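Below are the structure tokens for one structure; questions will follow.
Per-chain residue numbering starts at 1, and chain names A, B, C, D, E and F are given in the order in which the chains are listed.
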């Protein structure tokens, strides 16, 4: 399929990244597995009381999602940087931010979406009610794109730095905190009968803010890294 | 017409070159020479707009490249020390992805023709690039030169790791590019071996 | 003045163990910051003057 | 020092900035010392004992100014970062870099003094309260900016990368501040929370204000001192530094 | 200092790795801050009730330690592999397992040890008692070397092989689980008055088992990756 | 004395070479030639013992290298396409770390002398290797050849990215190695240019 112009380039990039991920499909499995294992580590580390587990479940699931998103962020630009593809991206006639948005979309599709899909199962394991599970899943669906968007800034800033992985955690995790609070808060407040709308609309606001802003900041960081 | 005017670059504490001025009319190859570390790569990256120079301007057809990023980059191919291939994609996928990203999408047939032209063996088409030999990988990267007709090529040591036959193929391709009115800027350690009337030289670090 | 003696002042109504460390650490940090900055400035200056001297620039 | 060598009007050059900073430092330092002395005098000797908290409340005279400065300095740092990115002016980046450690220091002090205040008032060194948590995150953000700068050894790149981070972080600060508040209030009842300051005596307020002013002037002086160090270290090879034999 | 022979090579390697880290001493600070931030995420996700937090504290700290170890494991062999140093390691006259042990030791010194040192502070933030904090710290001291040792097997397996990725995650993370259970269990059982000796001696057994076995398995995996 | 007997290798579905037999007496350079992808790198790695061949044996002074791994590797220097430098260390630290690991620790003075011999400029000594130019990095890797006296050198395209002067220095060094009774096995695309009486050739892929 040939397609010119900006849309072609962006979709081409998404397609390429998805293809690459498919070639390395074990990586998706690792992300998912990581999510599941972090979630399962919890009952092991904390002990098996159902009441405690139910209380901490939304927080634990959100943290597991956040960490597994973060884990896969390391790969977002690193290989492109090492093999010179990033230079090529900068030398296209398209606005870099648009290409970056394409890459972020591909990243979410392979790291955020699977986590969203799997979360009801884990929620069930923690003994959450049906309603809570629905809200949890919906909050993840709304919130994980923000994680990919904001996380890309950290990934771009730490390119080419040894130990960049942990450093980017340091840069990015504080930026993730509002999402975590609103996401876990949505489930908790719906459980306590206060309704989750408030939290969910805040999550929505986050993603709406991040879509124009994050790719721009990421693009700036990428330019700095390549120079 | 590529115009480099009064360019200087430093790296760290070190001044690499200063007051480099050269202008390359269409139909010419500019060969950049100099010992290791003299700043050839840095100069090439500045010409592409990847590294902003300390001072000086680069003009493409009379206008500064920073003012016309889109037009300039859509007419440019840059192949550096790092060749920009994805290890896990096949040569064919690599070329198509690269060309599409740079705004010049190509058909499978064209990509295949380009790979054939630089001598990548058909057995390699379905392998991930990672398993190819050094020289085969460089060939895949260079195949982009056969894919489309960008007027400006910036090549950093394009002959690295190529055997005699592929070097000859590349040389012919460069000759064709300058003959049809393109411009090539290349850094090398050996003589490129094109028709001398079309070659201009620039030595760095003297 | 509400303090009748130095001891009373130091005891801070029984909260001395909390009040004095707070003020003490704050003061120490601020003084320490100034000291290391002055050291750093002096070091930068000597390094500079040395490099100037070794470069043989006449002044 | 020969002034004719310098272009006094070109404030965006380290060359002009260095002596200017040198001239300002003593003023800020003096004002700061006067304010701190006056603030301590009023805080310890004039202000009365609080009827609820006893004398432990006196921690407020360092705690609140430190907390204010920690937030204020982050915004100032981000401002310099923005100017640097916009105008490509090196001294702005240097200012941003110079502010970060002082900001982090005050954040640490706010946390430390807060913890030493919390123990007598709440009986715990630390609780996961909105204000405390957001202050802790502010410390992480400072650390991020400083570590990012330290991790990149090409200075031009380090400057600009950490400027981008500082800017992104400043967007995050109000979001954090409010989100943490909502998190806390929505989630659970007031098992523990920072009680609003009891109506304070005028002398208490005055002492706190004077201390805050002192901290502010201190920050200015220290930042300028640090920026002078940074200029010298970075411009070591620039001819103006060598010619003028900076003092 | 010149030193020949195997000891020289192993210490040389440790020294080189430590030197590399010293070049990037920000790395250590980063490991520490990562640990702190992950620990901070939990109160944010789970909510601020002190009682709940105290219950989950040992698990949370152990999981944070495990994750920061896991993240820094990524760079244990990856750069050596990419830049060809690993080939050079295989071409030395020394047994590979010994060199590997040296690398693991260096890894623990910069990623495990700092976590151990910082853990009491975090314990305090979670409201743990003095005794619990002491046991927690000791269990981390005993347990984190095992994490580095066992994790190195996974890091080596993920180097070359396609899809070996998944396999290694499957292999390694379950191996971390006993360490987590014994570690977090030590604190929990001492809190409930049962004494932590049992759990701690199991942790000790883990590390004693891992020291001879893990470097050997890692060396085998490295040979496969390079071939 | 290096003896290669009846060696075959395949990669994927493809047979790269079969029944390669050659024996290299001391004081000789074996130059391995062949087009890109003909299996030069694979052969070199097999000689070092990194890639086990499908069949055939490699003997060093009469004994199979797998039976005497320690003795063999302690007398070997291999420099491949990936040169094994740590980006964050300085050239000096890189050399010392590499030599110590390979069981031949060197003093700072010796390392410095080696760097000087291959023409790494003193300004580079204190920079992290990452910022050096391509050719400077290769020089640093090659400096190991000046550091100690291993009898067997296996070099994969050692002249890549070197300028004329460093190429000449390397050539002289190779000549010295064969003269004092060492063995060099090198893959190249150009003629190496040593005294022909000391060079033996092996062409792959015909």
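Operating definition for what follows: a residue touches a chain if its C-beta (ideal position, glycine included) is under 8 Å from a C-beta of that chain, and two chains touch if they have at least 3 such contacts.
Since the model is a prediction, treat every value here as computed from it, not as a measurement.
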Chains partitioned by contact, chain D not counted: A, B, E, F | C
item: Contact-richer chain pair (by C-beta pairs counted) among A-D and D-E; value: A-D
item: Farthest chain relative to chain D (centres taken as mean CA coordinates); value: F
item: Same vs different contact residues, chain B with chain F, by half of numbers used; value: same
item: Rotation angle superposing chain A onto its copy chain E by C-alpha atoms, nearest 5 degrees; value: 180
item: Centre distance in Å when chain B and chain F are each reduced to the mean of their C-alpha atoms; value: 30
item: Gap in Å, rounded to a whole number, between the CA centres of chain F and chain A; value: 45
item: Chain centre separation in whole Å, for chain D relative to chain B (CA means); value: 49
item: Centre distance in Å when chain C and chain D are each reduced to the mean of their C-alpha atoms; value: 16
item: Residue numbers of chain B (touch at least two other chains); value: 12, 81
item: Shared-contact residues (touching 2 or more other chains) in chain C; value: none
item: Of all residues in chain D, the ones touching two or more other chains; value: 137, 140, 143, 147, 151, 154, 180, 183, 187
item: Contacting residues of chain A [partner chain D, same complex]; value: 153, 157-158, 161-164, 167, 170-171, 173-175, 177-178, 181-182, 185, 188-189, 194, 198-199, 202, 206, 213, 217, 220-221, 224-225, 227
item: Residue numbers on chain E that touch chain D, as the complex places them; value: 24, 26, 29-30, 33, 36-37, 40, 43-44, 47-50, 53, 124-125, 127
item: Parts of chain A lying in touch with chain B, wherever the complex brings them together; value: 2-5, 8-9, 12-13, 16, 19-20, 23-24, 79, 82-85, 87-94, 99, 226-227
item: Footprint of chain C on chain D - complex, ascending; value: 44-45, 48-49, 54-56, 58-59, 62-63, 66, 101-102, 105, 108-109, 112-113, 116-117, 119-120, 218, 222, 225-226, 228-229, 232-233, 236, 241-243, 245-247
item: Chain A to chain E touching residues, read off their complex; value: 24-27, 29-30, 33-34, 37-38, 41-42, 44-47, 52, 55-56, 58-60, 62-63, 66-67, 71, 74, 82, 161-163, 165-167, 169-170, 173-174, 177, 180-181, 184, 188
